[in-house]
Structures are given as structure tokens and as C-alpha cells.
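Shared between the two complexes below is chain A, which has chain B as its partner in the first and chain C in the second.
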Partner chain A sequence: MSELRAQLQEWREAIAALVPSWLARRWSRWLAGALIVIGIVLPFFFAPASGFLNATIIALAYVVMALGLNVVVGFAGLLDLGYVAFYAFGAYAVGWFGSGFFFNAHIHVLSSALGTAPGIHLNFVLILLCAIGITSVAGTIIGLPTLRLRGDYIAIVTLAFGEIIGVVAVNGTSIHLGGGETLTAGNLGISALDLPYFPGIGNFTLLDLRPWYWLIFVIVLIVLFVNLRLRDSRIGRAWIALREDEIAAVSMGIPLVRTKLMAYAIGAAFGGMSGVFLGAYATTVNASQFAFSFSIFVLAMIIVGGLGSIWGAVLGALLLSYINYYLIPDVLNSLPRTFGLNFDLTQLSFGIFGFLLVLVMVLRPQGLFPERRRRLELTAEIAAEDAQLVEAGTPTAGAA
Partner chain B sequence: MSAITARTSIRASAERPLALLRRYVGRWGLYVALAALPVYYGVHDLSHGYAVGVAHGQPLMRHDLSQLGFNLVEGISNGAIWALIAMGYTLVYGIIELINFAHGDVFTMGSFTAVSFWGTLGLTIGTSTLGLIGGLVLTLIVAMLVCGSLNVLIERVAYRPLRNAPKLAPLITAVGFSFILQNVGLLWQGGSPVGVSDLIQENNAVFHISGVIVHRADVLAVAVMVPLVVLLAWFITSTRPGRAMRATAQDPEAARLMGINVNHTISLTFLIGGMLAGAAGLVYALYETTVWYFQGFEAGLIAFTAAVMGGIGNVRGAVLGGLLIGCIQQLSDSRLGPQWTEAVVFGYLILVMTLQPRGLLGEETREAG
Partner chain C sequence: MTTVAEELGGALEAPALMRVERVTKEFGGLVAVSDVSVDVPTRSIVSLIGPNGAGKTTLFNMLTGLYRPTSGRIVLGERDITRARPDVITGLGVARTFQNIRLFGAMSALENVMIGHHSRMRAGFAGSVLRTPRVRREEREVRERARELLDYVGVRHDAFDRLAVQLSYGDQRRVEIARALAAEPSLLLLDEPTAGMNPQESAALTGFMRRLRDELNLTILLIEHDMKVVMDVSERITVLDHGTKIAEGAPADVRASDRVIEAYLGKQD
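Take a look at the complex of A and B:
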């Protein structure tokens, strides 16, 4: 065992000697830089409206979702099964403030819509800010009744809120706001949303997906940066402390209510941002999108990635959304036919998805990319158990 | 001791009326909330009446409580199905603290098995009464066995390997199995709801209680649920394996030290939960006369809500929660419209959680002791 370890150490040193010193010193920074550059030039390798680019854009939007949920579930340890609510609020922010839906109003701020069109037409960035405001308030409100609860009860209350918001979205057609306007358009959907417009760049179109890609890429970078800074900040450490031991954390002076509500609000805000993007990208806001399975999908991403780990959330989101939106429908769909079987793989899509979830979790229960702190805990526990066993086996505990 | 606490609390509440209010809301608020719907609609029916038909161009109004009674009867029978499913949730949660998301889909499999099996037996509406009863009892046993084994299998494959894993990992495998079972259902019975033959002619009236009609389906649901619940209660409290289940639920480590085979006990729990879901599946198919591959999703959510409402880990709580949710659902269905029902049910869940966080009858889990 120790020989093997020494051998590994030797190899590691040999590799380290090959790497130039300027790279070795700041390797994580260089890696990040390289990834950003690859990310920026990636769309040039694909056709402007290719299926892969479409899947990548959706995957990146899910990365934002996963990072947001990771704040709530991963950092603060509050199991949230109603995350779809924030997707809904984000998407409805676009529906309300970026289309002709409220036809009695006539507000235009730097939008792509014609100046004479009725409705509220705000710039994409303004809608994003509105959504952040709405969702953080909604997140706080949803968080309030869960403060006294623990563990899975939080899960069920958030689930209940998520479902209620879904039902309200579907039945919003019968909630009248006066002047013939309703709250939502239900399953018909609010369509003809404004395409994002940026002064100096112009309108986005659905024929060229590259600007969409860059937009969501920038959002991902911002969210990622905020997430990394949050994790290492005072509030991030407070979340982790609450997650590990609530009583100990509170007695050390961490304000329980504020810290938990901050987690809900910040997680919700990320979900809202992603919701705005997904809503605008789909160019329609349809109430049937806001199903419980969405919350589960995002939760699966962060657990498969490794709960609490930022890079795990990114990886899990990319992995699961590529599998769901690209691999199964586009790449593998005709696979059975090439083997002479008479069915399409899409008929099995969620069966395959479920099977993969089971497989990944059984093979790697801690997730693909576990958080460093948790990894240390797991290995430390094993080490402690080993030590106990050794002690129990040899009363003269010198051999350990 | 209790006298002292009582006196101090009286003094405290005299000082702060707000605290008194809070104490009363905490103690009675939930009961008020639960009684609100039936009381409101009862008073409304008596004072404003409700339309039962049209006579001479005028709506025919009645001023009595029979519509409310009808809602409650339907609610109880519907709730009996939720109670059967909720017991599976509560047993599993009590013993391994897992929200078994695949449970609702096991219930769907129960319905599908029952429908296919009675199709194979050749049961139709024309079958003689004795043949029908015999056939349905056989179907019930088959559905229960199939679902029980399916649940045990899922536990073996998806949950047991993760016994020592982080707590949320089995949640994801449960979701995975839920998807797999839904896909199986989709391939089995197609993507849209399938009507099944109305074997028991569920809409035939059996008897009346002061103007409230009780249908065959209502009798069936309660007649299947009550014996199973009594049997389960006896099994858990009075038999050796039942005691082993309770011991494992309280402290698996200590149970193991006392010589209980924890793995077998957990498998047994899943077997029982699955069997109850199978029974619920058969009853549901006869009750609703349609089956759908996605039926288990909503049923699962409602049943889990029922389990939480009653106090998770608590079998009596699951039954109570199921019946209550059934009634809330029926009232909402007939008064507010079915499209709002889900929101009403979940609204009640949030109320229960905020007013009485441990459920109506108190939870019986490891952490609660």
C-alpha cells in the first residue's frame, strides 16, 4: 500500500517537473482562462442554428438553474423540491414585461418591439433585474413557513408551493386583473415574446443562435463568479455551518432566520434569471412547462454532480441536459432502427434517463465531483474507523 | 409539575395578549382550518341552497346538507385509496427516512396488473356475481403480490446499495425508478388514459343515509381499506416481524445489535408497502374506471401529502391524512372546480406544516424518538 502511494507520488512529481513553472503556479487560473476562451469560440465550430448549439444553450441555462438550487440545497442544506416556482416567475417576468400581454399598458424601454405595439416592452436586462427582484421576494415568502421545519418537511412545503404556483399558472386565465387582462394565459401560453435587444448589437433572431449562446455564456460566468465568491464569503460559511449543525451554528451567533432566507432568496434569484432566459429563448411562456418534474430534473443535476460542489453542479447540469436534450432525442434516437428494431428511442427516453440516474448514483453515491469539504469528511471518517479497527485488533497500539 | 407550568404560562399570557393569541392559534388553528371548508359550504347550502335541476325555467333549489354529505362520502371513499398508498410512504419513510418517489408508480403498476389480469381471467360486466367476486379477490392477491415484489426489487437494486451514502442519493435513484416505471407503463398501456370495463358498475347505489347516496365504488374502497389497515395495525403491534420493523425504525443500529436482521426487515417493509399500493391500484381501477401511466404521479404526491399531514412514520396518521385529503379534494372538486383542487390540497398541507409541524397525530421517526 505504502509502496503504491510512493510510486504515485513519484509519478506526480515527474509530471509536475514537466509542467512549466508559470503554469504550475497559477494552473487553476490558466485552466479557467482556457475554458472561457474555448467557451467563447465554441459556436464558430457549429452551424448557426445547429441542434448541438441549441442543446448547449439550454444546457447552459440549466447550469444557472443548478447553481441557484445548489445554493439552497447544497450550501444551506434546505431540500427544495419546488424550484420550478422560480423558473415560472422568471419566465412570466418575460411574459409580462416583454410582450403585448398587458395590452392596456403602453410602456417601451429599449426593446425590440415596434414603438406602436401595446403592452409592456422592457429591455432584456431590465426584465432580468425585475425577475431577480420578484423571485427573491417569492423565495423569501416561500422560505418563511419552512423556518421552523427540518429536513424533509422543508422539501414537502417547498414542493407544495411549487405545485400551487403551477396550478395558479395554469388557471391564471380565470384570475382577472381588470380591463380584460388576466394573470397568465394558462396552457395557451403567452406567445410572441420580444426577442432580446441590445443597443449596438441589435435584435436576436432564432435563425442565428450564436448571440443567444454568448448571452447565456456571460450569464453563466457572472453567476459562477457570484457563486464562488458567495461560497467563501461570510454568508457562505454561515450556510455551511447551518447545514452541518444548526444548533451549534446558532449558538455561535449566526442569525438563523436571515441566513436561511438569504439562501432562499439568492437561490431563487438565480432560478429567476435562468427562467427569464429560457422563457425568452422559447419565445413563449406556457403554464404546462412548470411541472414538478422540472424541480426534480434540476435537483438530480446537483446531486449527480455532487451536492454542494459548484463545479459538480456545472458538470451535472451539462451532463443531464445534454443527455436529455441532445443525446437521447438527436443522436441515439435512430439507434434501434440500425439494429433492425421497430421503434424510436424517444419512446424510451425517460426510462433511459431514469436508468442512468440509478446507475450513476449506485456507482458513485457522493456524486461525480464531490465538494472538497465533504470529500475530506468522508475520507476522514474512513480513516477514523480504520484507526479504531486497528486499535481494537492490536491492544498494543504501536503498529498503527 | 404541570400545575407550575400552567400557572407560569397563564401569567405570561396575561402579560402578552399576543402570546395568548399565538398559543390558541397554534392549538386550535389547525382544527378551525380543517373544519372551515365543510362548515362554510354547509352553512352556504342551508342558507342559499343549491341547484339540483331546472323546473319551469327556474333552477330547482334545495336547502339541506345532503350535497355536503355526498361530498364527504365520496371524499372518504376516495381518501381510502390515498390512505392505502400513504401507508406505504409512511412505513418506508419511518424505517429508512426516504421519500420513495417510485411508490406512486408502483401503485400505477398495481392498476395495470389488475386490469390485465382480470382481462386474462375474462371478467366482464356480464360475469356472474360469484364469479366476479372470486375473480376480483384473485386479482387483488395477484396485484398485491406483483407490487410487493416489485417494491422489494426496487429496494434491493436502488436503495440498499446506498444505505450509507449521502442522504439525498437514494432520493435520486427513487426518481430514476419512478421514470423507469412510468416508461414501462407508457409502453404497456399507451400514452393516454384507457377506459376499463366497469366490472362492479360502480355508480349503482348501495344504500341511502338520509338522502345521501352511497355508491358501490365507495363501499368497495372502504371495504378493502379497513381490513387491510386493521391487519397492518395488528401486524405491526403484535407480531415479531412487526416489532422488528418498529425497532428498526427507531434505531437500526440497536436493532441489529439485538439480533434483528435489518435488511430483511427493510425488505419486509417494502413488501408490505408495495402490497398496499397494489390493493390501492385495483381499487382505483374499479373506482375511476380509467387507468393511465401517469396516474401514479398525482396519486403519489397526494398520498405523500396525506402521510405528512397525519404525521410521517405514523400509520394511523396516514389513514387520517388520506381520509382528510380525500374530503378536502371532493369539496374542492365540486365547489371550487377540479382545476383548483391541487392548489387547495397543497395549501392545506402548508397550513398543517406551519400550525402543527409534526403532523396531526405526531411523527414516529428516528429523530422524533
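Take a look at the complex of A and C:
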């Protein structure tokens, strides 16, 4: 609690222009508390299986994704275009360890599955921990070949990695593990995944989405907390220093390899956590889910929000998710038909996103909720440019 | 008050903190540094001079691990650091500044200096997330130490929290020195610290370098173009031209060397 209060400084600054500082300072504390309380009670205002609650759950899962990618791209400045790989690893963790997919195995640990069911059935939390382990290793592996690269070249390598994982997922049916088992079920998908089960709470169902909501809400709070703590630590400073000037950073004693790999691993682990949740929530893992467009979607979230800004990532993820999963399909989908046009708005989703991105880049290139330091830096640069313009303009003005 | 001669005598008796032994660096076919040897005695101020493109900064980059020498050896104390990583070399006590200031633009002056402490801090992932009492204390101490250092190099308090890009040129130079000092080096490499300074500021920096040596027990290796500063502060000078060492010795000797005059002013016919 007290931590969140301290970290809500950016909110404070945003409202400081409107209200006296002493009031603003108290507000930020209240704001954090209020947001958490609102977050907890929110599901009670909607039907247990409403479309809005569904969209909110997905949006929160994307917040976790965005916070993870923000560590890699925003903090450490490593443009990762293959983030979908960690979604895939997370989702497959549920497929492997929370279903009857490995039918020769018979392992049950506190799961919702019947005790006689074949396969590996671990508790949701255990699957989450497995996924964190798998994705942080995968993140480190993808990080290794990019260590000697910079900027655009990192983007290309990570993009290829994401595509490789996607192709492996599709063709996993041909990778035999022995005993008739394969690595993935390809485009057929692994379905009938275990619904999360918590001792004392019971099984989750798809008729009542509220437990799902609270689960992802808790995950968001944990990931947010870790993000805020890391940003303001020795590690966060090292990431930002590497982003700003790699040569100077290593000359100041920052170990390049360890620091970069840490960013990859932590970012990947968050992606994996979100992947586990999204996989379990969809109750199926299908290879066709892991497309390149997913990576771009998450990247768009943190760019719209403001690269490197934690609250920007949260805001960008919520905004784009709601537009994509609620506003377009549920609210505005039939809009073209009311104008006598013969198509659904969902068919235009990518066009709408493209337009929104262009709009943000033109009107607010630093993002909706820019990182404090970036905002200041941008203003400082603009001020310097202005000064030059004024200097350059003086003789002309004098001549006129 | 000690004279330059006495300081020189003392410095020359001291064992070498860093020994550069016959170092060569080639980029493709271009030989940037060729067979250069330099001894840097403990608690001395040694200058590296030479015309533009003589290989001075290339040599610095090899001493700090940014470049690997094509051949030759670099020894710090008893340890061979020829192939060591830059962050390891910093950890062993070598810190530097850059010819074109390389501060972290989007970080405050204070944060820049705190980065300098990185190799002296322990906080890892778990400690940072849980913010254990030890990490909390470390963070507080480092912040306090960074403030002291900024104060020491003469940055005004109201500039501590400004972003590096917002600082004046002089303050940026000062913050960069503070950042290097934060790494707690025994050897400080300064790459043209007086670039862009007026004569008064250069004179002040000359005094400041002596203070660093005397108060913090530092050894300083300096690349400098301002001959007044060089002759004033150095106990020894090494002159490079086209990647090779053409002269070495006390300021008076170097000043009298024909080859040095030739390198700077051209050949007399």
C-alpha cells in the first residue's frame, strides 16, 4: 500500500497543475487505495458472465503482457518483436501441465480434474511457477544472440524467434516425445484445459467470471508491484543507463550481458504468466493463436501509453484491449449496418488501430502517459531547439 | 609547498599502478596504435598528448576494455586486464570520462552518479523487489554518497535533480567526473576534460586534478590538448603520433624534443 502511494507520483504530477500540491499529495494516496477498492468491487456491478466483465478480464491479462514488454522495450530499450513467443510458452504450460494431453502420465497436484483422469494436472499456481521458469529460460535464450546487436537488428532477431516458436507450435504434431505423445496439438489445439482450482475456493467456471477477474486482478497487482520496485532499484537504473548509452554504461561498471538478459528474462516471465492465464481462460491452446500480430498489438499498447512508463503501459493496454474486445465487437459492431453498409466493424479492427496509432503519434508522440524523465527530456530538447530557432531567426527579424 | 621536481621524484619512485606493454591495435589494415608502452606510477598524473588521430582515445578504449588490443599486455597492479570486460575493469578500480560527454541524458545528475556506484552495490532481483533493509540502507548510502560527490566536484544543489540534458556544459563535465569518482577508482582516465572550457575554468580544473590526487589518493591518466594544463599538472608526458610513441618524459624534456615539435608544427626544411 504505502509503496503504491509513493509510486503514484506520476498521477500526482498530472493533477498537480489543477489542484494545490498539498491536496494533490493526499489525493495520490487516496487514488491508489480507491483504485484498488474499485478494482475489487467492480465485478459486482455486472452480470457474472457479462461481455464487459469478459473484456475486462482479457484487458487485465494484456496489462500484464504490456508491463512485461515494457521492461524489455521501455526500460532496457531492446526492441522485441517476438513477444508472442512467451504468450505461447505460457499457454502451452497450461496445455502440458493442466490437461489430459500427455495421456501416458498420471500426475495430479491439487487440480480440478478428476483423480482418475490421465495426463498431468497441476494446480494453477504451480503451472504459473512452471511457466515463469520456462519463459525466463526462453527469454534468456532469445536474448543471447541479440547481445552483440543494436536497435533494428535486435528487432529482426526477436521477430524471427517469435515466428520460429509459432511454426514449431503448428508443426508440434510431428515432434514425437515417445509413447504416441507429441509436443503440441498444432492447429487442432489442446482443449479441455483444467479450470483453475484453489483449495477453499473451489473450481472456477465459465458461468461466473468473477473469480477469473479477481485472479487476474491479483496477478496485475503483483506484476505492477514488481515493476515499480524494479524501476526504482539498482537494476532499473542499470537498464535505463544501458538504454541511454551502452558504451558509457559498461564503462561505469554495468555488466552488459547479465543486465540485458535479466530484462529479457523478467519481461518474458510476465508474458508467460499472462499466457498461462489467457490459455486457461480460453480453455484451449491452439497454435493459430500465436501470430506476429499479437506482438505488434502489445507493442502498440506500450507505445500508445508511453514507452518506459509503467502507468502508460497499464493505460495503453486497457485502452486498446477495450477497443478491440469490447467497443468494436460489442458496442459498435453493427454501426456500419445502421448506415446501410454491408459489413461488420470487426472487419475494420486493424484499420481502426492503425488510425489510432497514427493519431497518437501525431498528437502526442511521447504517449498518453509518458515516463517523467522522457517527458522532461523531450521538453528540454524542444527548449534547446526553440532557443536555436530564436537565435537563427534574430537577423531575419532584424532585417525585416 | 612541494615543487614539481619533488613531486616528480616521489612519483617516479612509486611502483607502477598500470603498465601498458607494447600494445598494438589494428582496425582492418589500419594501425591505430602501434607498439606503445606506458607506465603509470601510483599517485602520479601522467598525460597523453599528440595531434588529432594519434591514437590517444583508442589507447584509452583499450585500457578500459572497450577494445581488445591486437597484441601487447595491459597490467593493472598485479593483474593482467588485457582481455577483461569493461565492467570488470571498472570493478578493479579504473574509471573514465569521455571526450564527448556521455552522460545518461534522461537521468538526473544524481542518478548518473548513482550509476557510477553500480559495481560497488550488491542489490539483486529479489532484494530489489522485496526492498530488504540491507538494500534500503545501501540505496540510502549510495544516494548520500552521490550527493557528497556532486558537492565535491562543485555542482550546485539545485542542479542535483535536473536531467543531465538540462545541465549547463560545465556542470555536465563536472557530473561526468563525479560519476567516474563514484566507481571508487584508483586510476582515473580523463579524456580531454578541458575541452570547451575558458582559461579560468581550465586553470581551476588543473588545481582540481591535483586535489583529486592528493585528497583521494588517485592516479590520473590524462588526454589533453591544452598545453598549459598539460605542462602544469603532469609529472610525466607520453607523446603519440600516428599511433606510435615518439617521446616520453618530464614536461621540460618533452617540450624540448625535436620530434614533438615536428609532430605538432611540421618539419622544418
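Keep in mind that, in the parts below, the second predicted complex is superposed on the first by the 356 of 400 C-alpha atoms of A that agree within 3 Å, B and C clash if a C-alpha of one lies under 4 Å from a C-alpha of the other, contacts with A are read in each partner's own complex, and residues count from 1 in each chain.
In this text, a residue touches a chain if its C-beta (ideal position, glycine included) is under 8 Å from a C-beta of that chain, and two chains touch if they have at least 3 such contacts.
Please read all numbers here as calculations on a predicted model, not as lab measurements.
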item: Which superposed partner A:Leu35 touches (first chain B, second chain C, both, neither); value: neither
item: Touch count on chain A, higher of chain B and chain C; value: B
item: Which of chain B and chain C A:Val218 touches, first, second, both or neither; value: neither
item: Chain B versus chain C as contact partner of A:Ser233, first or second or both or neither; value: second
item: Touched partner set for A:Ile201, first chain B, second chain C, both or neither; value: neither
item: Which of chain B and chain C A:Glu244 touches, first, second, both or neither; value: second
item: Touching partner for A:Leu188 - first (chain B), second (chain C), both, neither; value: neither
item: Common ground on chain A, meaning residues reached by chain C in one complex and by chain B in the other; value: 374
item: Interfacial residue positions of chain B with respect to chain A in the complex; value: 93, 97, 99, 101, 157-158, 161-162, 165-166, 168-173, 175-180, 182-184, 186-187, 297, 301, 304-305, 308, 312, 339-340, 342-343, 346-347, 349-350, 353-354, 357, 367
item: Chain A to chain C touching residues, read off their complex; value: 3, 225-226, 229-230, 233-238, 240-241, 244-245, 247-256, 262, 266, 373-374, 376-377, 380-381
item: Residue ranges of chain A in contact with chain B within the complex; value: 73, 79, 145-146, 148-153, 155-157, 159-161, 163-164, 166-168, 170-171, 292, 296, 299-300, 303-304, 307, 347-351, 353-358, 361-362, 365-367, 374
item: List of chain C residues in touch with chain A within their complex; value: 64-66, 85-87, 90-91, 95-96, 98, 102-108, 111, 114-116, 118-121, 123-125, 128-131, 135, 139, 163, 165-166, 179-180, 183
